[in-house]
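Each of the two complexes below includes chain A, the first together with chain B, the second together with chain C.
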Partner chain A sequence: MGNSISLAGYTFVVEETKEVSGEDLGLLQEKLLQLNWGVQHPASGPMRLKVWVDGDEVVKVDPDIGYVLRLLEKLVEYRTWQNAIVNVERACFIDNFGTMTGYSIAAEKIAGVEVPKKADYVRTILCEGGRIVSHLIGLGGFIGVLGVHTPMQWALIAREKFLDAFEVYSGQRIATASIVPGGVRYEPTGKFIEKMISAVDFLEKEFIPRYTEVFIDNPTLKLRSQGIGVVPKEKAVELGLAGPALRASGVASDVRKDYPYTAYGELDFRVVTKEEGDAYARYLVIWEELIESAKIIRQAIEGLPEGEWRTKFPIKVPPGEAYVNVEWARGCFGFHLISDGGTGPYRLKMRAPSFANLWAMPEMMKNVKLADVPVIFASLYMCHGDIDR
Partner chain B sequence: MEAWIKAIFFPGFLFLLVVFLTIFYMERKILADVHLRTGPYYVGKWGILQTTADVFKLLQKEFIIQRRANKLLFSLIPFVAFLMVAALIAFIPFSEHSYIVSTSFDLLIVLALVTGMPPVFFYAGWASKSKYSFIGGLRVVNQMISGEIPLWLSALAAAVFYGTLNHLQIVHESSWLGFFILLPAFLIFVTATLIVTDRPPFDIPEAEQEIVYGFLTEFGGFNYAILVLSKLIELFALYSVAVVLFLGGFKGPVLPGIVWFFIKILGLYVFTFVVRASTPRIRMDQLLRFCWKVLTPLALLNLAFIILVKMFIS
Partner chain C sequence: MLEEIREKVKSEFGLESEAYDTNMLLIECKKEQLRDLMKFLKSNGFNYPHTVSVVDYTPKGEGFQVNYILENLNDKKFVMVRVNLPEDNLSIPTVSDIFPPLQPHEREAWEMFGVEFIGNPRLEVMLLPEWAEGWFPLRKSYDFKKHRKPSKEKK
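Coming up: the complex of A and B.
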């Protein structure tokens, strides 16, 4: 595979040795150009797409993943129930609260621990904060692949305010390790709430109007993304799409609404859906969810009850197993947790939404232009850490 | 002043280098302003020397030529490109007396040289022997040929209106009436300029999210600097032509002519940068459709309109 340094004598092998067989060989014999879209590429992130092109038309796309594999599921088995959160949250660092919440709920289910109400509300606030942070980067990334870096810069400014709030809460800006089985790790101080409110204020009063003016209803953006990568409703369910990509195809699937966890059952919010199912619809779903999340944070802060924020979680959890779904920023994240009565999880299986979206992508990229590849890729809103785990 | 002194200092090679650095700096500063960032800040006062530092960094880099590349063509292309665009500047009158040569075919030569650019960039892509460069080269030819026809037609509209191809004479004869009559031609010219010089939103040949950096992918160090310089100078030359043809060149009250010339150019550049900061890149087929079905017919109609006006005015 490609260039390699032979072990004896460090000779640098420049000549490429290709291992092609089967269908790929057929494609090469038809004189199609195989482009490597990725690993070291401005828009791909740490993964590779093998793109076969016939002129400007894409014939076949084959994702090649595994560049950020960290064996998170296996590592969890060597941790205690509390410590495992640091592995779980690294599924994708951008929105780490969703994964920690899912894992904690699963652990609490097995142990039969009831979480205080205040912890539920703090978890909701943090989860929605994580969702906003993630969606901001999603918006910036989507327009970023079209050569405009303004939205990303604006989004990062808004994101910074939320990171400040997380820092006040947990001492960390990104990998916060703040939600544990049994509640949340720190007391939600007045300063944290204040920071969170000011972040939401900034988002609603400065970022959203400024962004709406330029990048929502942008004619060139519509030209590029409308009618691209269309997935009809039935097809979306069949392919197993998740999150904003699924809702953009008109399926109102949202774990927060369907199977409420933490405090979502008591809050009033809307599930954003669009009918078109194209890249632009997916972009708008992310955008409107961002606005909804800001409203949820406000409600949760208003309804924040008094009391404890953490209960005692047993060191040894009785044998059992639980499956918990949470609505993470990029879709429905499933946790299958098994306990054998020890001090840590026996096995954890994470069902990742980005992984599901990734395998729907080759289907959507048939017979599109080469220029549409990054648009569809970015609109599916995937996280590489989450794909490989 | 002797013409050869002009060719070396102003408005010649040294001037081009200064223009390159200034435009590069301004682009970064204005983009940063739209992004709500600071931009270059630490090197020199207000970061003015940042671009100079960047260029010097490029100069000291290793000279890498890919093994399969056509070595002669690969090393020659940047200089051919630079000579072609540098020749453009010779025909631009920046003020009453600051021009290198003035002939009766100024506009024709400028347009002909611009039309000569696509093969150069195509060979840059071809000689690199890289997939991305090759696709970029093909795209550049596609795009420039579709952009050059509206460019020619709208520039010739001005030539027809003023009845001359000499830049100086065009500037002397320009008036407010001429500005308003030529306004459609001006808009078409600026759009076609963006297409021909592949600036955003028409930066399809070097769309980095698709084909890394198009025909520039394999170039590095000094070669890269020269190629980017020649692309920037091409845009500068075409904007100068736009100022000469449609905006009255160095004419203006109170301030000296050269200042007016640069104020007008600055306006066009700010427009370019703001477009870059807010408009996503369009697709090749959309660009071709736009060029052949919208821009070219409009330019033709505009030329017919100018001929009609000319019939009644003279």
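Coming up: the complex of A and C.
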């Protein structure tokens, strides 16, 4: 079994018998101890980290995943081109727009369908809305593992406004199923735009100033996260980190800028990078991207063109394949989509950024203190639905 | 940039390649050449691996296809390396020592499709439960109904 410490290359080193007040200390005499961080830990989510510690120092970490495996890649093969979005968006429900957009672009590429400009802009607005919603939870969760739960509540208040906007748009707050191959599913009504603007207003005028004051330049937060889990630039590429974690190490890799899709080529925004590469830098990247996203939404709403928001997508798509990347909230999400000329996808491979980050983590956690394990884990900003798919 | 790689691959390995997308090159190779080709691509800037994507073409009578997708982070270009495997010999040398991030991707491909990556240090079940080892659920031949739990009969 993989759980056995001796099979994993570690042996118990039993020191000479020590007695304290005539009592045998038992476990304390073993040099290496295996701890289970999760499945029931409040910060871990549905996954388990097997952590081997020597005293207070972490020797080895091995993630045990698969608790939320739904086999989405298989389920997609049983759907039609339009229906497959319900499986694709459930890769991670927090930012569902990014995954639907990527799948739709891949399907449109194979079918040779060009979407109207208005659909591109609406997709941009929704994707950035999804990114804000996801980043808010990421920020709250990061401080949450340090034991402060106030920012999570503040973030959820701001998130609620965006969910209201999504509800006006699609009728659903979380799993919206609103972006389909061929465009977007519903007309962006004035009410939706209004709600979106009021959500961005709340974010920029209420949430950001208040949050900056308390939780950005916070000395306790810095003490816990600065210099923890440092990944230099070359190491980040070698480990295969993705998304905000990669940019926090100084690699300016952002699909929105590098391979512009939807309306990102026409909008003005900057790619947030940091040089330090520690947990605090990753936290700041998420924070600054949140501010950038709010600006992108404003620009996209201003530039929203008139016209159709959806075109016809054929029922049968000619044989072909495409590999499309989108900048999802947690990093670059790849879709390798294959059609055999049928009414649905023949095969869809989803390249998940959290999966890449997860398997870079054991290397980052070598020789850190046990108390830093949750900090590094939360700073990598992973989603479990996305790891297991 | 991609034209250069295309010519180099042609002269050094004798492999034909074609444009897959506007910024992506598709190179088809034999599994004997795979490791050398990957080393060559890594030294030419394609140092950020994305994934290993296996496609099951057995219903079409073509065996399996293993795709490696690599990105060049500086020049913003992609390359896809494609290896075709016959159905009766599903083994391929690992590239997990050249690209360490691909190790878990190979492991996933092994547990979902049964493609054996020779030399991969850790081919254990990861996402599936341990009792489901060897089911290979992403293969086209996998039968959902066979593994479905019998429903309780109504009283």
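Keep in mind that, in the parts below, the second predicted complex is superposed on the first by the 358 of 389 C-alpha atoms of A that agree within 3 Å, B and C clash if a C-alpha of one lies under 4 Å from a C-alpha of the other, contacts with A are read in each partner's own complex, and residues count from 1 in each chain.
The rule we apply is simple: a residue touches a chain if its C-beta (ideal position, glycine included) is under 8 Å from a C-beta of that chain, and two chains touch if they have at least 3 such contacts.
Worth saying up front: this structure is predicted, and the values here are computed from it rather than measured.
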item: First (chain B), second (chain C), both or neither touched by A:Asp217; value: neither
item: Which of chain B and chain C A:Glu57 touches, first, second, both or neither; value: neither
item: Partner chain in contact with A:Leu69 - chain B first, chain C second, else both or neither; value: second
item: Touching partner for A:Glu238 - first (chain B), second (chain C), both, neither; value: second
item: Touched partner set for A:Ile143, first chain B, second chain C, both or neither; value: first
item: Chain B versus chain C as contact partner of A:Gln153, first or second or both or neither; value: first
item: Partner chain(s) touched by A:Glu308 [first = chain B, second = chain C, both, neither]; value: neither
item: Partner chain(s) touched by A:Asp258 [first = chain B, second = chain C, both, neither]; value: second
item: Contacting residues of chain C [partner chain A, same complex]; value: 20-21, 23-24, 47-51, 53-56, 60, 67, 69, 73, 76, 78, 80, 99-105, 124, 126-129, 137-138, 142
item: In the complex with chain A, residue positions of chain B that touch it; value: 34-37, 67, 131-132, 135, 200-201, 203-204, 207-212, 276-286
item: List of chain A residues in touch with chain C within their complex; value: 2, 65-66, 69, 71, 73-74, 109, 237-240, 251, 253, 258-259, 322-323, 325, 332, 334, 336, 338, 340, 346-347, 349, 351, 355-356, 358-360, 388-389
item: Contact set on chain A toward chain B in their complex; value: 14, 33, 35, 41-43, 53, 56, 143-150, 153-154, 157, 214-215, 218, 220-221, 223-224, 369-374
